[in-house]
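Chain lettering (A, B, C and D) follows the sequence in which the chains are written, and residue indices restart at 1 in each chain.
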Amino acid sequence: KKRSREDSDKPPDKRVRINVGGTLFETWRSTLERIPGTRLALMAVLGESDDTWDKEKKEFFFDRHPGVFSMVMQYYRTEELHTDQNFCGNIIQGELDFWGLTELDIEPCCWGQYSKFKDHRETLAALDENFTQQTEMEAWTEKTTNYERFKHRVWQFIEEPSTSRAAKLYAVFSMFFVVLSIAIFCLETYHWFRVPIPGAKSHNATGYDTYFAPTGDQCIKTKHKTGQYEFSATEPHPAMTYLDYVCAAYFTIEYLTRFFFAPGKWKFIKGPLNVIDLLCLIPHLIAIIMVTVDPYGSSKDTSNLFRAFLALRTVRILRIFKLMKHYSAFKILVYTIKVSTKELLLLVIFLFTGVLIFASIIFYTENDTFDSIPVGFWWALVTMTTVGYGDKVPRTEGGYIIGCVCVLCGVLTVAFTVPIVVNNFTLYYSHAQSRIKLPVHKRKELKR
Amino acid sequence: KKRSREDSDKPPDKRVRINVGGTLFETWRSTLERIPGTRLALMAVLGESDDTWDKEKKEFFFDRHPGVFSMVMQYYRTEELHTDQNFCGNIIQGELDFWGLTELDIEPCCWGQYSKFKDHRETLAALDENFTQQTEMEAWTEKTTNYERFKHRVWQFIEEPSTSRAAKLYAVFSMFFVVLSIAIFCLETYHWFRVPIPGAKSHNATGYDTYFAPTGDQCIKTKHKTGQYEFSATEPHPAMTYLDYVCAAYFTIEYLTRFFFAPGKWKFIKGPLNVIDLLCLIPHLIAIIMVTVDPYGSSKDTSNLFRAFLALRTVRILRIFKLMKHYSAFKILVYTIKVSTKELLLLVIFLFTGVLIFASIIFYTENDTFDSIPVGFWWALVTMTTVGYGDKVPRTEGGYIIGCVCVLCGVLTVAFTVPIVVNNFTLYYSHAQSRIKLPVHKRKELKR
Amino acid sequence: KKRSREDSDKPPDKRVRINVGGTLFETWRSTLERIPGTRLALMAVLGESDDTWDKEKKEFFFDRHPGVFSMVMQYYRTEELHTDQNFCGNIIQGELDFWGLTELDIEPCCWGQYSKFKDHRETLAALDENFTQQTEMEAWTEKTTNYERFKHRVWQFIEEPSTSRAAKLYAVFSMFFVVLSIAIFCLETYHWFRVPIPGAKSHNATGYDTYFAPTGDQCIKTKHKTGQYEFSATEPHPAMTYLDYVCAAYFTIEYLTRFFFAPGKWKFIKGPLNVIDLLCLIPHLIAIIMVTVDPYGSSKDTSNLFRAFLALRTVRILRIFKLMKHYSAFKILVYTIKVSTKELLLLVIFLFTGVLIFASIIFYTENDTFDSIPVGFWWALVTMTTVGYGDKVPRTEGGYIIGCVCVLCGVLTVAFTVPIVVNNFTLYYSHAQSRIKLPVHKRKELKR
Amino acid sequence: KKRSREDSDKPPDKRVRINVGGTLFETWRSTLERIPGTRLALMAVLGESDDTWDKEKKEFFFDRHPGVFSMVMQYYRTEELHTDQNFCGNIIQGELDFWGLTELDIEPCCWGQYSKFKDHRETLAALDENFTQQTEMEAWTEKTTNYERFKHRVWQFIEEPSTSRAAKLYAVFSMFFVVLSIAIFCLETYHWFRVPIPGAKSHNATGYDTYFAPTGDQCIKTKHKTGQYEFSATEPHPAMTYLDYVCAAYFTIEYLTRFFFAPGKWKFIKGPLNVIDLLCLIPHLIAIIMVTVDPYGSSKDTSNLFRAFLALRTVRILRIFKLMKHYSAFKILVYTIKVSTKELLLLVIFLFTGVLIFASIIFYTENDTFDSIPVGFWWALVTMTTVGYGDKVPRTEGGYIIGCVCVLCGVLTVAFTVPIVVNNFTLYYSHAQSRIKLPVHKRKELKR
């Protein structure tokens, strides 16, 4: 072992007094010479001719952290550098630099706590940075034209609900339109809000219906329904369509207004939420153009275009991110995902490897149920994440065994990788929460 | 970097001795002047004319915490304020205030530990408060009329089982009725406890039955059952109904007695458990009125009213909360939910966003299986929470891919948000547990 | 606020030097008088007449822990008792007792860390106790008869595989029979190991078979199978039955031998594993009696008895606990469950409350699918634990909404309650693991 | 209780001054004599004749860690050894050895933190070792023949992408073939990439199709498909087969090249990734032989051999591990699994016990649904891991109750055992992550 305590068999040599920030440390001179090339070894060699020698008190004086020095002293005694768990790694780093040591000397058992602090410092500083970006905009306020001051005030009214009561009201009003628009988007597909297209042919469907007798038996009743329309033979109720156009009109006006009052035009256009805004409006603009060109939807071509346009409308769901604009937890989530890409990749790669292996094995074991490996992918992922839909289930002895192994691997894979990603989020969230609790007028000082 | 250690290139200046609560600290005067406007900077400027100067020992004396001062000294040396992990944030705050620093000076890496203590103090103090509210009632005991003393004693007998053995027995007796009432409520819907309504027509159902041959094949047998009754053609066994009315009678008497003996009538009526009590009795009262008015249930109107009344009976399940009355873990849960509204909202909002997005995408991808976006909501939530019923499952290539992404997002969303809410509960629960272990006669001192 | 720092506006009074275990503390006399009735307040009043006064050095001397005293001093300064996180709560308690303070003075923010140590001490000491119980038996060894020494040696051979190589071999041999017996128990129900009962009638079953076309379509083929036997028309292969009787014979002999050599007969019979042993043998003994009485199984009564006897055989599965005999993790699990009854109850009660509420609501909302509340129980539990079989699934708008709420409540309930139970197990397991790593000859010292 | 504080009732004896590394400790001589046979007890007895006695300062001097000594002193005072939480267990061990104490004296409440550090040290040092094994190879570089230097350079080019830009490009190129090969393996089973075998008979299948009416009803349409081929009547598209042979050719060449340039031939062949490489090639080699021997696949024997060969091809999926070659997280996972075998076994044993018990009970309770105990295994595992496919579900009252208990046990079993395995992985991962962040040129120093 490295631990060499020869002080017992060697004749005791000169005692050295070191005063570190007021705290006295005493050791043998030989101890200090054990790790050559460091400040203390040099000091031991120079002795009274060292800069730090205090003639009066017969001691060396350093204006450094006494707690960390205690740690350093123990390194000289045992030749193993263990850190105190209650000191922040960033303090330790600074002191080690001063004493001529490096963080590489720290033993693996103490490395975790040490590097945890260093990692936190970087990421949390970056998080603070990320949250105070908005306030950069405020530097812009010192412009002096009356007109510009007006523009700036309107911009604040639109963008920062916290500035005035009216701005808050406007934000609620704006959010109402977002919610309305999303609600229309979702509900117009539901049969309560659909009417048959004029001229569509209804048909008689044969459905089945199950009911329970009080004995608990599940009984089947065959059900003949008449006057049913297939989904493609129906359209949203006109009221829904009109409301949707009202929303579109509002968002168009809002976008243009905000564009007009935006301080940086190009920055405004590039903003992710504004890109979404524009994308969500495109389907409506196209629809208007199409209706203008071919008002009666007669030609086959337009009809196909209409279908493509239907698919395009999906983008409107992105409007939900507009609701997130003023929600800080969402920003933290986005930031976590940005920072934790590596860990997320870990989850995906581990799961994907498992999925690939189990999909192949199950395909060759249960060719009857799993008709191809890609179908096995679906089964393996659904099994490993313990969703277990049960649409594809092994039915042979071999399949059961593979299924069991797959389930166990899945449980472990998820359990292994999820905490790594999640820890970051919890850290960022609690940091941001405690930051929000700080008094507003002082929070800006944190940027320093 | 901010870290400026100019002490090596500047000529060494006067050493300053500071005695903080008996522990000596020594530093250069120039170090203390680095952060102007603080107590130590002022002290360095004033020198021997400072109040704290001790002529005899030639040192400054402060009756403060030496451990925290060590931390403060390091701030002067490195211009970075890192906190020791073993000191409670509340001690640190007090000391920082004294030395003229603010918590905003603390570096982000150490902020977490610091603010954790501060947060805990507030919430745990509030939790203690919450748990000792009941004892406020006891202040009321000093009333002196004989009659009032009797009323108080009965009230204690009814409400506080811990006061006497008889009160405990009564509590068990009262709980028996609650359990009985809930059991009746649940079991009267089960076919074992139902009889056909006189005159109801039975019918022949065609059910199916599966059985397994020893080869493991699942075989279907068609089963014709005769003499089946639909649920609506049966009613609970009369014995159940009678027992239910006995319970109702007991609860009515109990409610009135408790109302009579309650010290504050209006407070009693507003109490959530008493509101539940009253709500649970309403269906019975209505039933009695209905039977009085139209004893033979002949008219169609009454029959419809009866159905509405059936739905109303659901409220009786709330009686389960009466069982929770004396269960402290339940109170902690309620308190956690109250305090963690923000975090619960986080979970709901994140899940809802995911559900909305995946529902829309799956609807446009797999129009065949998912007939509307609201149906997609159901599928997306069931998938994201890994329940995976399998009643709606994607069946096309596109659907499989979206399903996989949805599952992964769900696993992460739940993993991200659940720990944030749960941490609070674990903290409160273990705090309350260790509080309960304290000797009873001393626990009240904790309120101070 | 309580924090009263009047030291700045009051005239500075006499400084008091306190030497605690070699470390000097200095404070104002007035500070010590702030908390009356404590040892330090008394000391401040008595001054130089106190026992601990050291005339030479002009200080009070206490042979106590300096670190904890620093904490106590801060209590006198700020009137708030915060504990250092790096001291074990048990040290703190002892010191507080000495200084005349109580643990109730500790602030809620620091209470958690303090009581954690105290809780751990009790439970971990109990765990150590629990694990060293076996060695009590060894105290019995000092008996001196030759015959008793032989009996003891055989007993050791049977019970403690670690004592000799032969004992280890015997343990493996014994375990082989346990595994064999369990394997027979499980496999004799599988169709590979079953033969038709002589004279049983086979029948033609109509099964169905699904296969996948390469296009991914799932197609159904009707399948007619001949020569199928129902489960009740088959019996285990005779070889299985014979092997089972061999096992039974072995276990009978083993039980009798162990009973003969057991040091305490009554303690042996009460031992849970021996009770299981006996229980598992009963079905076989009955079978032998039955075959002796009615060798041809002719009468109807014996046949019914046989069926009851079949059900009784289930107890044989308990033999699996015999495998656990030498597995320490299992003992820890059992211990955890014993200690965490309260927390397990919490999980069950919270889940049960949720189940009850959601079962009732879903029954009244979706009467078609859920034919009674008890069926709703099943659905609610399966949903809340995210198992989600999909055998009962809501199919109406109302049911979907209730299902969503149920899923969320379930996820939270499980997440809330599981960590509380699990923490204990993790603690005990890691404690026991590090205990096992200790050198064997020294481990017994731990009992002290 | 052990805590004996007789210092109050005994007459105060001689005070002893001990200087440990510059920090003064004072105590009564009687305190030191409390634990006989230790260094301090001996010192107290020897007094001024002890080696460590310093005549000038009238104190004993030890060049040891003052913080740990404070802990040791408290052991003499209270006869209970509690450790400070902020010191690494490895420091404590060294100091305890010096003072003549053993780690067995540490109280159970502090044992956890102490042994955590010791465990981490061993495993993390082993992890570091494991990661730096590759660099051993570099020691080989000092060979001086020109030819050998060339061979080495080629080997580096092939094996270490970080050495040059060309090597990185080559690694990407090599990975492309791996991905291609895996993609072919998976996709050639999908119906998009399959063609009917010349001469195979198509057949008409009767499938079913469900669609949703806008009312939300699920309707069934019977579908007659013509021209369907069963899976066994199709073969992968020729393009796929050709691409596959290209990949095989590339891997053969790569394997031979790498074998030629490998520094240690036998070590190369034994390398797990190279074994996989060879295994994956075997099916292709056999196919080539078979085609050479019987080019028209006419005989029945070859056809059967072909089927066996198909099953053999599954091994090709192992190629995915080649992708993992340069992915450190994967190595950590493998290492974790190696180290945590005991904990993984725990998970498997606990789950298996539960599965065995619940499978037996459900079989005897619900003989109709669960036709044998092995089928019960499948159900029990799928239920305990909350996968819940729903292919086998209890349908009777007894089965429901057992199912509920099974679900709860499963949730707890998984929750109990998973964190124990996972903790290791999280620790290793974060350690390895912070290790990777170190500057490359210095990382090798860590090996010392």
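In this section, contacts are C-beta pairs under 8 Å (C-beta built on N, C-alpha and C of every residue); 3 or more make two chains touch, one makes a residue touch a chain.
Values in this document were obtained by computation on a predicted structure and should not be read as measured data.
Q: Counting C-beta pairs in contact, which comes out ahead: A-B or B-D?
A: A-B is joined by more C-beta pairs in contact.
Q: If more than half of the interface residue numbers appear on both sides, call it same; otherwise different. Which is it for subunit B and subunit C?
A: Different residues, largely: of all residue numbers at this interface, under half are found in both copies.
Q: If you average the CA atoms of subunit B and of subunit D, how many Å lie between those two points?
A: The answer is 36 Å.
Q: I'd like to verify one number: the distance from the centre of subunit A to the centre of subunit B, where each centre is the average of its C-alpha atoms, in whole angstrom.
A: 25
Q: If you look at subunit B, which of its residues touch at least two other chains?
A: 23, 85-86, 191, 211-214, 216, 231, 371-372, 374, 377, 386-390, 419
Q: Please output the residues of subunit A touching subunit B within their complex, sorted ascending.
A: Checking each residue of subunit A against subunit B gives 19, 21-23, 51, 61, 63-67, 85-91, 94, 98, 117-118, 120-121, 124-125, 127-128, 182, 185-187, 189-191, 211-220, 231, 310-311, 314, 317, 320, 324, 327, 329-330, 333, 336, 344, 347-348, 351, 374, 377-378, 381-382, 385-391, 414, 418-419, 421-422, 425-427, 429-431, 434-435, 437-438, 442, 445-446.
Q: Help me check something: in the complex, which residues belonging to subunit A touch subunit D?
A: 3, 5, 7, 12, 15, 17-18, 23-28, 31, 70, 73-74, 77-78, 80, 82-86, 102, 104, 107-112, 115-116, 119, 191, 194, 205-208, 225, 228-231, 234, 346, 349-350, 353, 356-357, 359-361, 363-364, 367, 371-374, 377, 383, 386-390, 393, 395, 397, 400, 403-404, 407-408, 411-412, 415-416, 419-420, 423
Q: Touching subunit B in the complex: which residues of subunit D?
A: By the definition above, subunit D touches subunit B via 85-86, 210-214, 216, 368-372, 375, 386, 388-390.
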